[in-house]
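Here it is, the structure, as structure tokens.
Should a chain be cited, it is by its letter among A, B and C, assigned in written order, with residues numbered from 1 in that chain.
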Amino acid sequence: MTSSDGVVRPGGGASSPTGSIYDIGYRGYDGPRLGRRHAVAALFRHSLRSVFGIGRPARAKILPLVCLAIPALIATVVVGMTALAARVGAGEIGLLPGHAELVGVVSAFPTILVAAQAPELLGRDVRYRVLTLYFSRALLRVDYALSRLAALATAVAVVLLLPQVILSVGAILLTPDVSGALGRELAYWPAILGSTLVNAFVPAALALALASLIVRRAYATAAIFGVFIIPGIVAAIIVALDLGSASRQIVLLDIGAVLDGANAWFFGISATNETLAKTDVPTWEALVAAIVAGAGAAAVLVQRYRTVAA
Amino acid sequence: MILTIGAVTIRSLLSRRRSLLLALLALLPIAVALLVRLSGRVGPGLDAITDIVLDRLVVTTLVPLAALVFGTTALGAELDDGTAVFLLVKPIARWRIVAAKLAVAVTLTVLLTAPAALLAGAILLADGPGLAVPIGAAVGTAVGAATYATIFLALSLITTRALPVGLVYVLVWEGILAGLFEGTRVLSVRQYALGIAEAIGHPDNPDPSLLDGRTALLLAALAVGIAVAIAVRRLITFEIGEAD
Amino acid sequence: MTDRAERADRAERADRTERADRTERAGRTQSDRVRHDRPLWGPTTGTGPRPEPRPLSAGAAVEFQGVSRWYGNVVAVNDISFVLASGVTGLLGPNGAGKSTILHLLAGLLRPSDGVVAIRGGPAWRNPAIYREIGLVPERESVHPFLSGYEFALLNARLQALPRPEEAARRAIETVGLTDARDRPVATYSKGMRQRVKIAGALVHEPAILLLDEPFNGMDPRQRLQMMELFAQMAAEGRVILFSSHILEEVERLAQNVLVIVSGRLAAAGDFREIRRLMTDRPHTFTIRSSDDRRLAAALVGHPSVFGVELTDGRLAVRTSDYAGFARALPAIARSGGLSILELLPTDEDLESVFGYLVRR
């Protein structure tokens, strides 16, 4: 035994040294263990908080909050202008975006959010080599990938839904006929939800797939940005060239156009995206392309994390 | 000294895979231009397409993207992963360090974008009135590239999140807001580039919605000057991140 | 007693008397001094709680004067002053004590929130000229992984504007023993090799001042010995070497002086044996082997300076509060009892005990 001042006092005589170990507090854990589902849920919650910078220093909150605030602001302005027009008696302003058009107007912000945050979500774990810690728990590799994806998609969904909610609430509050307005707004919501689902899942999946392939965060962000924007410009040019109906399919490489087309399909309108409108590509094709792109990206993400060295 | 620093910076920026990808990116406008020519499109449609290629593709997208990548990582990557310390504990004036990094960032960005603008423009307007427009495009692109790269380099010394911040600047400011109000033209690097290109490409009847060429050049120089001053100042007073 | 034992005894006595005198002298100033919960100032610095701002010591290579560094509410370095002369000084302290902060302050990589950090009389902060004289080997920072060892040393040599950089680089690589691996990229190096290549980079311009942050991290014993010999040799040439460590054995073996940092404060400075002797509030322990331990124990217990005696393992362990008194009394006690002292060892004068006392204050 060793007492605190370092003097050794043996328990027995000088001829038979004894020793004992005292249980000073370390205990194994015998209690209930939450399983895989809880691990996934915990990672999901943590990732979602991380995307919005909650639990991180203030600097990390700026960008996600900007992405959240500006679309909301735009929606508020629309509501305000509608109210103003009603007050002035000018009737509806046709140019103001409704639920369907709003998605297109704020489309830059999901892009910014995923381009900035997807590398953040994945890059830190790879860089500091903590993946082993994750995978030595109940969490499977595929769980990690999908959980991160679900969180980022949810975050984008929040960014997209908030302005829609504001529009709906505004529309309900502005008219004297509340129940009628409520009914009208509710009719929109299946389309809103469907469109939001696609418009959140696909960018998140694509961004995460790219982020999983490019470790350096700066380069990943630039790559995501490039992939989202450059094909669109090229597609616009090729479509403008009018090289034939086959070439029109090139528009399906433009993520912005595809997402807009999917959105249009949900709302039953025609595409608002310039490039898409010029081609005759039906909106359901755009929806299918979007789903395929999203699923493919998710598959790449999962496969990447199946094989990445922990 | 500047060459030494520059050489290491280039080596760290351009790995083989990265160089390949960037080369492909630089060839993209040229490939598109060739495609357009092969399609035989002429007339006003061609002008519209040329506009899309040179303005939207090169100046608005490729140049800021390339400048973001090279500008924020030329110095920023080293500050981030700690290898900058070995550079900082040397008896070299801080402005020289900034100059070296800047030279690399600007050169790489310009090399990636200006020739692409020149060639794409030349191909598109091959039977047009001379090379004024392509040359204008190339020069405007080069000035824009240099300005962006310098600004982003200075940004990398101000924040560790220089790339997202730069992204927000490019997408939100230059993409949306600067287009809305005319007065903000003076604060947009894209407008500097376009103004210079216009001044060289159409010296007789420049587009009035764009900045006048001389003004654009002046503003670009001013932006570069301010950015360099900020960068040098930040490097002089640089403090290492929190140790334990 | 035998002749030999008598001579040994006398020599011991003389030695003990001398040390006792010294301790007494120190003890006298000790009693004038303030209580022991203030930081102790070793022989290399002034005494007293806070020195007035003095003009910087002329010609001193490295000087800290009342330096503090805080981050918001966290004080990383708290009013530290010292002067380094040529030789090897160990910067010792638990993790998080502020050792890296001190080294970064010395290297001009951090601005002191208060006080003056002086290298050869000039400030360390915002003064790139000092880097001609300083070599820094940081702990965490890594080398560009794509460079080979030689290329890294060469890069450092070129950045130092040396007239013949290739030669300097080659020499530095050889000095740290990386000649065989010098053309391989640093990414393929083991941790010890990476440490050594960083040292090579810092040695390339043969600096007068060398600052090392946990330099022996990851080195195997043989490499460590080689590096220690290198530093000892450099110190003998007149250079100032400051290295930080939390491994007492390294500091004990290599450093001539120590600076003990605990929670950002300078807890002690100087030769660690002297520091030990200044701690008279801690009982000293000795291990004695004599011709008859039991009788010696009985005799010692009677003496006022002894307050603990223990027979263990064929040895006698004695605890005493009065170092000097005991040192004088022991030979007399032994002689009057007709005993011979065969071995007398202080057991807690090693750095570990000193360090333990300082940390546990």
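Methods note: contacts are C-beta pairs under 8 Å (C-beta built on N, C-alpha and C of every residue); 3 or more make two chains touch, one makes a residue touch a chain.
This is a predicted model, so every value here is computed, not measured.
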Chain-contact steps, minimal, separating subunit B from subunit A: 1
Per Cα centroids, the chain farthest from subunit A: C
Centroid distance [mean C-alpha coordinates] between subunit B and subunit A, Å: 29
Centre-of-Cα separation between subunit C and subunit B, whole angstrom: 53
Residues of subunit C defined as touching subunit B within the complex: 71, 76, 95-96, 100-101, 104, 107-111, 126, 128-132, 134, 136, 138, 140-144, 146-147, 155-156, 158-161, 201
Residues of subunit B defined as touching subunit C within the complex: 1, 4-5, 8, 11-12, 81-83, 85-94, 236-240, 242-244
In the complex, subunit A residues that touch subunit B: 59, 63, 66, 70, 108, 111-112, 115-116, 216-219, 221-222, 225-226, 229-230, 233-234, 236-238, 240-243
Of all residues in subunit B, those that touch subunit A in their complex: 18, 25, 28, 32, 35-36, 39, 41, 45, 48-49, 52-53, 56-57, 61-62, 65, 68-69, 72-73, 76-77, 159, 161, 163-165, 167-168, 171-172, 175-176
